[in-house]
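Below, subunit A partners subunit B and then partners subunit C, in two separate complexes.
Up next is the complex of A and B:
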């Protein structure tokens, strides 16, 4: 038995062993290929993210002492009217920008999906132009359009005898101004998402409905909207997460007091409050605590999204 | 618990702003033949750098105009926390206390010979850059002084005098200034001054003997009658309907200046440059009168050398040369910034200087006179925040329809929220 087996056992091994080594090298090289992303993500994404939680527990002066204070920053935050003001502004601006934006995108997508629309490609590309325009450029133009003394809108209002409105200095005016900018920037992107989803709905379904006597509104209500439900949920969630992080627009509109977005923080959002505390007052610890709060809000919304989308799947 | 490692500080910056390079530890180690200089934009710093370059062709200067004075201070903070620091940096007076609180970040200029030149400078200006153990962190480059710039053509149209002595006599006090505003408004229906917060309150509150702190450095902003009086003047101006409601330096303010929407604006010496560049077409239509109350100072900057600078010696030589009394006098001739070195106040180049943009007003004399009766007060690390909240409260009444009766209490509450005491 040993005599018959021994030759085989000596002849067989070498090839698998080399193959195994090559296999390890291959497997490692795969990690090497994806490493650049993960190294950069780790250094500039994951580490700062985790470090924010750490800094939030300190009274952290970037050029001075860092004193451990436990959860004092959070206690202070919950009692800070400026934090709640910023949270309220963020929600208000989000609602003012998201609801009209999604409705407008829905209507536009429906129009752009129309079978007899000429130059469809041109219109479909055009709606994306605001999205690729820089936020700063958009902000500068809109601030001028809405200016109290020299703005186009107040000039038009003046023609019909309305007193000039100081958009930036009033609470609702500044929210409206920022919401308009956000809407202007994002509606094209949302429209294209809806359009892509609409085009997967067979045209024959619309035609069959039309033959059965369904008007445009009924077709919209009973075919378009149900077909778009998953992507609508998706855009609501992404725009909510984006809406919680609105920063550049409020920073740029009140040039007299940029970090607070005006004298009474009338349009200061949470991210701007974070920035003001971190880089205006150099309270890195407190700014980080606001960042953690923001993170928790985003997680809660993402969780809601998960619940909603699983329920929708179950419905179908 | 204290974390002083440069790496951890770098990480702190990364935590909020994801772009930064870790610090490299101690200073020195440069070639001594070059240095990096961070300054503000729009103050023509390049002229002065070029002048030095002409004197010292062997030195290479890398000038970076970071942005506004506030942005420069923010960039400096980030750099000190763990990035690449410049060898020389300009810090505006309002931002200075925050750095003076942390002297370990800067070279103590006494080690380079600051004590030898100390007596050249206005003592109360010099003292603002001295830290708790006597470290000297900065050399003052200029002071603001105070005055009011006004449009002679608009004053004439309103039936007001236009001669600078007669205009100065119109407003010995801020109440008289507001009263003049009412007269102007009645005659023309237009705004008299740009805004109440900066042009009235911020000037008046810098003319006090004690501001937000007492002489022994305790916070007294809520109880100091001088602060309350300045605030009340601001509210009075805001509710008198004499302002155009444009906050200083915002775009509508610039446009309003170019179009003559307001006839008078508070103008420390550095503001003259702003007016010149904002409204170049109004050349010759301006003149300069005394500030109500007679004296005061707004602004002024300092040059400092960060501890980790590679070429502290080259930077110090620049300071010594360009900020000497003679250097500052030449700087005044070039750009009009008022020297912080009283030795040259009698020099003909300054005392007899006239500015054609402002109807040949004797700018040197007007601004140095405004420093004569000045009473220095302590400026603390929270002074900028306190001042900003007061400004905001007045702007709120002026531009956002805030209630003037509760403005003071609102401001105090906001300050307490911001600084915790």
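Up next is the complex of A and C:
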């Protein structure tokens, strides 16, 4: 037994039969351990993804016929003002929620990174509370807070003499309301991601800069922001992909016409439009075409981001 | 030298009052909506709609909770959420640890290529293919069942990636070899040696899986049809449709569906924070 532990005898061939069996056993176990992922992803991820492109070529009624119509769904989509309306709403809500969220997270992460901050764990946990709150519950409470007649926010506005705003029924109001919910839910999470990156910058770098006379703003501009560049790019991409998939908030805020998010589709997003066509109108083909369009947007954004980040690297 | 640097260092280290003001405001913004949910969930309609608003809880909680239970099978929906989220949390922790272990420590043909495939699958936006996913579920006869929610959620490319990192970093090849020489099979090495070491990492992964599954909306909304199969989130939507019963109904349901997660967060939230700060969810 003791002899087998020395390196020399491990190199010496053990009985060939047992070695071969052990090797085969290890391989078989390895494939068995990774198989569940590939089976599940194949059946419920990759296959439906590829199948979307196929269904999009049909006039596909789930309780009726499936007729091949080539690219008609796409031609129809490009001429459909409801599609462009949803695309515009999606971009508007995305911009309203992402830009302030990332800026706020940048500031908060910088503040939370302070070495002598008291109650640091309390603050870090507090900003993550919105993340564990479901989107559905968030939507219910925010609609109430921003209600035209009984909402706390409009009451506060009233105290300073501002007329009540009907957030749900107006285009800008509904976009702002949804963006506020998205921002509320994610800014703490983004803050912690930035903080994780910031903590990898040695304190001595900040101290050395301070000794050399750099003020807080200069330290922020020349140390914090460059150190965070990769994670900032990452959060821009993830929040964009997330932004394209906003669904629950618009579905829940306009109680009168949920599938269109209001009578004039003022806050219908692309994913909600996909749902309306697929599961409201039972047009699986047309809904899938919208899915393909969303996928193309994700690819374009990812490619733009790749170009942008390589250019930033080249500039440095 | 030291006399000039000392005051500067102190100035850098001091936390200014506005730092606490800023963090205090952020904390209030994060916590107030939950508090407000509680206020409305305990007030009657007349109080909830009074101006200026009440900011203290009322005594109407049990009445509203009773109305919630009468309108939808809410206890059942909480149980459904618990079953789905727990299965996904445990399943992800175990399956990702197993696959991460295979990729980190076992030798087999195609290992690197298959791992690259796992990483690449993270870029496929599967959320956008809900229509074909629904078609598959109806082929399988899984529409309106809880396994339609659980089974697709068990696989997580990110989880495999993350567990592989942890296993590579914490389990040495010497340890593997020693266990082998003592005659342990691959399965024994995993369950007796590797998994106990990376259990904290697997726990955090499972925790995030649990929270995401508990809060998921779009897919359960598509696939669940009958009220006794609803998860808590879909029950909230059903309560919102019954606003004619009582305005506070959806709020009360939201509150009841959020309490379990708040309790969980108070107990283990610091591990979620630590998980993010370790760089876990940077992707």
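By definition in this document, the second predicted complex is superposed on the first by the 282 of 316 C-alpha atoms of A that agree within 3 Å, B and C clash if a C-alpha of one lies under 4 Å from a C-alpha of the other, contacts with A are read in each partner's own complex, and residues count from 1 in each chain.
The rule we apply is simple: contacts are C-beta pairs under 8 Å (C-beta built on N, C-alpha and C of every residue); 3 or more make two chains touch, one makes a residue touch a chain.
Note that this is a predicted model, so its numbers are computed, not measured.
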item	value
Which superposed partner A:291 touches (first subunit B, second subunit C, both, neither)	both
Which superposed partner A:150 touches (first subunit B, second subunit C, both, neither)	both
Touching partner for A:192 - first (subunit B), second (subunit C), both, neither	second
Subunit B versus subunit C as contact partner of A:127, first or second or both or neither	second
Subunit B or subunit C, by number of subunit A residues touched	C
Touching partner for A:40 - first (subunit B), second (subunit C), both, neither	second
Which of subunit B and subunit C A:302 touches, first, second, both or neither	second
Subunit B versus subunit C as contact partner of A:204, first or second or both or neither	neither
First (subunit B), second (subunit C), both or neither touched by A:31	second
Touching both subunit C and subunit B, counted on subunit A across the two superposed complexes	44-45, 47-48, 51-52, 55, 62, 144, 149-150, 255, 274, 278-279, 284, 287-288, 291
Subunit C to subunit A touching residues, read off their complex	5, 8-9, 11-15, 19, 22-23, 26-27, 29-31, 33-34, 36-37, 40, 48-49, 51-53, 95-96, 98-99, 101-103, 106-109, 111, 114, 117-118, 121, 123-136, 138, 151-152, 154-157, 160, 177-178, 180-181, 185-187, 190, 211, 214-215, 217-218, 221-222, 232-233, 236-237, 240-241, 243, 250-251, 253-255, 257-258, 261-262, 264-265, 269-270, 272-273, 276-279, 281-283
For the subunit A and subunit B complex, residues of the former touching the latter	44-45, 47-48, 51-52, 54-55, 58, 60-68, 80-82, 143-144, 147-150, 166, 169-171, 254-257, 260, 262-264, 266, 274, 278-282, 284, 287-288, 291
Subunit A - residues contacting subunit C, complex	4-5, 10, 22, 25-27, 29-31, 33-34, 36-38, 40-41, 43-49, 51-52, 55, 62, 107-108, 111-112, 114-118, 121-138, 140-142, 144-145, 149-150, 152, 155, 184, 188-189, 192-193, 195-197, 199, 206-207, 210-211, 231, 234, 238, 241, 245, 247-248, 251-252, 255, 271, 274-275, 278-279, 284, 287-288, 291, 294-295, 298, 302
Subunit A-touching residues of subunit B, taken from the complex the two chains share	1-3, 8-9, 11-19, 74, 77-78, 80-81, 98-99, 101-102, 105, 245-253, 255-256, 261, 385, 388, 391-393, 395-396, 399-402, 417-418
